[in-house]
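Next come two complexes, and both contain chain A; in the first it sits with chain B, in the second with chain C.
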Partner chain A sequence: MKKINFTGVFVILILAVLISCVAFSGCTESPDAPDTSENNVEKGNSDKNTQQELIIGHPWNLKSVDPGLSGSNLNNFRVSEGLISISPDYKLLPTIADSWEYVENSTWRFYLNKNVEFHDGSKVTANDVKTALDRSMKLNPELQGRLNIKELKVVDDSTVDIITNTVDASLPGKMAYGAAGIYKNNEGPEGTISTPIGTGPFKFVSYDKATDTLKLAKNENYRDGAPKLDSVVIIFGIGEPNTREMAVEKGEIDFTTEPTLGSTKRLESDKNLNVIIHPLCQGYKLKFGDVSKAPYDDVRVRKAIAYAIDRQKIVDNILLGRAIVSNGIGITPGIEWRNNNLTGYAYDVQKAKGLLEEAGWKDTDGDGIVDKEGQKFKITLYTWPQRPALPPLAQATQSMLKDIGIDSEVRIMEWDAISDRKNEWGMITVAGGDACMMIPDPSYYIEGNFYSEKNDYNYRNPNVDALIMKGRTIFDKEERYDAYREVQRIVCDEDCAQVHIAYHYHMVVTDKNVKNYIPNPAHHDYSINKDMYIE
Partner chain B sequence: MLEIILKRIGMFILVVIASTALVFFMLHSLPGESAEVMAKYIFLGNVELTPSNEAIDIIKEKYDLEKPLFSQYVTWVWNAIHGNMGTSYQTNSPVTEEILIRLPATITLAFVSILLSLLIGIPAGIIAAVKQNSFTDYFCSTISVLGISIPSFWLAILLIYVFSYTLGLTPTMGYGDFKSLILPAVSLGTPASAVIARLMRSSMLEVMRQDYIRTAIGKGLSYRMVILRHALKNTFIPVITIIGLEFGHLLGGTVIIETIFAWPGIGRLLITSITARDIPVIQGCIVFITITYLVINFITDISYSYLDPRIGRSKH
Partner chain C sequence: MRFRDIRLDDLLRNKASFLGLVIIGILAFTAIAADFIAPYDPNKIELDEKLKPPSSEHIFGTDQLGRDQLSRVIHGTQTTFKLSLIIVTITASFGVFIGITAGYFGGFIDEILMRLIDVLLAFPSIILALVIIGSLGPGILNTVIAISLVGWLYYARVARASTLSIKEKEYIEGARAMGCSEMYICTHYILPNCLPPIIVLVTLNMGGVILTIASLGFLGLGAQPPTPEWGTMLNEGREFLRDCPWLSVVPGALIMISVLAFNFIGDGLRDILDPRQQVIK
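== the complex of A and B ==
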């Protein structure tokens, strides 16, 4: 047989590949897209003292730069600011507003700082505040529902009145909500804003939608001094944690967040990286499907489950140190309105078994599973896959419940599919996230989780409702916080409405030359600041 | 020819209507209440938060979610016929714009991947067939079985580890220049090339057993000539079908690879829109993908009659 020479075919195909590559890369290159691949080559040597550029790899998508839709993102990346902001130690800080007071008849008055300027140099007036908030509420019904604002009234150039639908002591905290940022309304004819103008230390430069990349530059005229970084590039939508890890290890990006739990140790030992692990106002908990129905209508059953969880073991072996134990409630330690005197439910299997027996759940047939009136205690634990810690957490819970005679099955599915199963007998959601400072006011977490009209697992306690109502309508801070502390005592120590497991710690990985990152546990999940720089 | 084209266009419309209707009604049978899901994704940006009841009601009203499904669908079709594909719930920008800005990335990746797979798959298949039962054949076959069985996401992470992380030759992710195209294209092209190589080999073996090949060899043509002039064209008929399907698949988006490399393609757009119930964008993507498949099928059919004139003749 003769040998065949395929050189010709090869050459043609290779040429085709090359030509198409060149042709396409030529036509797809977008002027706004940062050339990340070029950057990384020089990055490794960190020999770029002329330009201070921080490149961030962000897990989620941005989708839009309209501050009416992406307010929280623009706030975290410090393009826009709110009337009020929240400090890392959970204090409300005057920002665009200098001060505020409750006047009367559901009216809050905000006095604006007269030195605040937009990026285009114009002063922020009461009218701008009204326009921005009105517009955001119109675009974002969720915000409208949360803010509970009836009307904004311009009193004079630097004073604005906010009138709420009902008397509402929580309004100042709501003004620190990322989505309630103040911006210049420069919307185009189609009703969207494509070049956001805020008041923060960083100015919008460009946004490339195809690559989901946002470019910012320093605001030279920022009222507290110009930022040290010249520019910030945020690459959104790098959903794969392994990709983010390798990109930061290789120096393609300088800053990223939430790598996989298993790589904490490896990243910490990398001399070229800084690993910052800090509390974030989120947690892990078990949420009963319906506390008004068997088996969870009996508080002893709920408490038995709370006692059965060995939280230390979970934190050490599953959350791998990126959390701390909590046997109380989902309000992060350090928050002013937290009740620090809760008894909680420290791990105690004997006590758990005793409570189950008291509630009538006994193992009558010797199969290791408790039963009552012919019904075996067989349940399903639901959780979702997006948070890597959740599936193993559910499995750990499963084995701990087994120890007190509760047989469970773990099922992992999409969040929305789980909410369809709330009526299943004995279902429990193993939940993560559970933000408690999205809006820095006690009403946010406490109403959402325990108020009869708002919680989604049928928890009803008239005393709790009354205290929540009180919290909404009294203006003395200590008295108000006391009401919320009492709610925490009732829902935790008396009613055991939910079983809290751990407080979440957030992980940021940066190039070792990135300095001055200040974690703010109240921000989701992180924010940059004007004092950051690259050494 | 004109008749075929007209027939095809009629089919286009039917298939597009059928597929969008199917997707539309299936979306509403997904778990979770649409308005609640939308409120979460669009306005909270976090699936783990619970939207307020007020927000859910406002969304229902704003997007006419209380209307009967059928009338919602008819409204969408009516607008689409008039060239209005709607605006994205999530970004407020027109659906056509959302798709068009992702088109270059999608096409580039699909094109380079398919070329790469042809470049590897076709020669490998031919060599394996020509040298049947030799070491080369076993080698190519083993490699192609591996290529089919290796999950592309694993291959992608492995490639990043070796070429970006360890050797530092390519960027780990991103989009915009030639270098960042290499790894995604290889991750996608490898499984496709394996499929093509296997098919090419079996098809080639089949053709080589035909009488006309024996005749060609008998009349004294060089072996190379026989393969290139007589066998190759006929071998391609089944292979071209697979190439068409693979190409359509690549154009329709490759979610996992796009996610790993942060590649801004249609696949990622479609998946994020499905999770957020961004119905106009989902429908837009479905229309795009359906049309792509139909066009590719059409081209495939035409190329059949070019490769084997008998096919064209018997058809009409």
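== the complex of A and C ==
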């Protein structure tokens, strides 16, 4: 009879432990792109002062180097530039365009900077601008929808007219959108661009699809002086935060972003690393499925939920300090058009309970769950798994809602599947990555979230719509921003259309020798600077 | 070899299966008495107590929401055992029913059922389960449905094979001569006689089912938070793997131990029931 004795069992157990140890250390030691890390070591040793190479580990995939499709990536890695760009303090900076003005009849006129050259040495002309934007809009319907452009007209070599579909005061901000970069149209016979030529401080060298690695070199002739780095290597698609973290700790990469949530203290105490935590124009919020239907058609219910969330506790314990509390609107503090005088909804359980009771939700059967006309307040919180903070955030929300007598279930599924469930009774989405500066103009966030025709949760308020239309059509900056500030007051303090929880803080980890990184909160999620260097 | 010939002392004499029985005994007790032995409410969120390392207060520490990991693991045992028992009961009874039907009646029915099984067996079962959950949506009930839908195939095959040999036996002829209905023959003669291999399959299969439940939970498709479930806990702990390893190590070790224990029992049972090994004894 075959017998497994105890010795055998222990041997198996010990083997299992050994194998897992080996597998674990294997993870840390196997570099994601062996060739680049070796290059780094060699270069680092041989000619440290002459060769400056920055290696970046990036969470997402690149997919394509065609600037018509990957404009935002190429802009963030400074290969291409837009007509306008956005500074870290949220100001529009003249870039390829020197200046711009509204002419008449939905026409904006952009005067180009005559000193801007492409990487191949040719001057940027109005014709290049028209070709690039026309091509990008054709390839990218999302961009076309956002820009609202009817046509581009070349006036002379360095002047271009952009005619919008309707009168649109927001166009300059849209020209700073990452996907609206300007590039040379050198598309091949099959209609794609495989060697992008832009105007930025870094030139495209090569892209290896198999390892998803992009190599860039400095543009010696950049108009504001050549960058200090000789080359930049970006390894895309390192999706697992643990992997990025270990790679930067071991020195395989010099720069990476968003490591695991719990790692801040350990990384900060590592003498070989620099940890930079800075605001990013993104937030966490609760979004009601449909505010035109019960139970959320009653503003008191929405406000009760807003009062029930203990935001400080969430920021301290779940977002682990990588966020700051937000009591009201999803527009990051410091942005010019933000309404800084909102009352908001500070944590107050008694007030929340009172509002629910006023709205007719009472606990009649003593089970701790409020009910109304025989219907229990039982809802579902939906969220998605890709952002690690979201599932615990949803569970914390669940327990906070329980305190005011709302019973909820948490369901974690893909983002696409969630948007199909908007009609469920009491559906709430626990959302993260809610960007407010993708396009540096108030219309981006406010129209998308609160304009009747654009929002997806049936929020309708004629006053808000009128103010948004006003914001689109008046050109005086202060008057325009005031209209948007008034919208913020209505949607937050009066209507409580969404429950905002926190502003996101982005974390960058670099090798301690990487200097001069200046974070730009308006870039998603980060961008490199011309003046970065390695000590 | 008949079902009633499985004697407990045979099983206890085999050291591996003895160990397996002890472990499963402890885990089963934990699962049944979870509400009484868990020191805290597994879903009670105490944000100020988050990510505490193991201490006398929290033996396995606390997770990122400050929930007691020991209590969660104990309730997780309940979730896992409850689910795997339900799944194995469903799959075994359905599989045996299909297997006996196909084996006993043969012909056209047999042909159709077995070809269907062949087709389904051609897919890796976890992929099929993922596809089913993908269309039904994640959740405990859907986990049960998905694993059950792909899990009955082996039972049907084994039951059919046993039935094919049993139905040629003389006592079946005898029963038929005495005028027993086919239903009676199937339930009173064939079913008890094809149970032994099924019992072995059930114990071996338990381990596989526990792993599948944990895998689906790990992928976020199984039990939904805050339900304590080993795979889900493993996934929640993954984010903190390097800073708070206890969050993943404890549920991971439990998955391994319980699967190992079921396999030990299964191996022991197989040895006892294997007619070729009776001679040696």
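Please note the rule applied: the second predicted complex is superposed on the first by the 491 of 535 C-alpha atoms of A that agree within 3 Å, B and C clash if a C-alpha of one lies under 4 Å from a C-alpha of the other, contacts with A are read in each partner's own complex, and residues count from 1 in each chain.
Rule of thumb we're sticking to: a residue touches a chain if its C-beta (ideal position, glycine included) is under 8 Å from a C-beta of that chain, and two chains touch if they have at least 3 such contacts.
Quantities reported herein were computed from a predicted structural model and do not represent experimental measurements.
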Task: Touching partner for A:Pro333 - first (chain B), second (chain C), both, neither - done: neither
- [ ] Classify the contacts of A:Asn242 with the two partner chains as first (chain B alone), second (chain C alone), both, or neither.
- [x] both
TODO: With the two complexes superposed on chain A, say which partner A:Gln386 touches: chain B (first), chain C (second), both, or neither.
DONE: first
- [ ] Could you say whether A:Trp415 touches chain B, chain C, both of them, or neither, answering first, second, both or neither?
- [x] first
Task: Contacts on chain A seen with chain B and repeated with chain C across the two complexes - done: 1-2, 4-6, 9, 16, 242, 417
- [ ] Write out the stretch or stretches of chain B touching chain A in their complex.
- [x] 30-32, 36-37, 39, 42-55, 58-59, 62, 90-93, 101-102, 104-105, 107-108, 111-112, 115-116, 118-119, 122-123, 126-127, 130, 157, 160-161, 164-165, 168, 170-181, 222-224, 227, 259-262, 264, 268, 272, 275
Open item on the list: If we count contacts the way the header does, which residues on chain A are in touch with chain B in the complex?
Closed with: 1-2, 4-6, 9-10, 13-14, 16-17, 20-22, 24-25, 27-30, 33, 35-38, 40, 44, 60-61, 63-64, 66, 69-70, 72-73, 139-146, 179, 191-192, 209-212, 235, 237-240, 242-243, 246-247, 249-250, 252, 384, 386, 414-417, 419-420, 431-435, 438, 448, 454, 456, 524
Task: Complex contact set, residues of chain C against chain A - done: 14-16, 19, 43, 45, 47-48, 50-51, 64-66, 137-139, 220, 224-226, 236, 238-244, 256, 260, 264, 267, 271, 277, 280-281
Open item on the list: Using the touch definition from the top, list the residues of chain A that touch chain C in their complex.
Closed with: 1-6, 8-9, 12, 16, 241-242, 245, 260-263, 266, 313-314, 316-318, 385, 388, 391-392, 394-396, 398-399, 409-413, 417
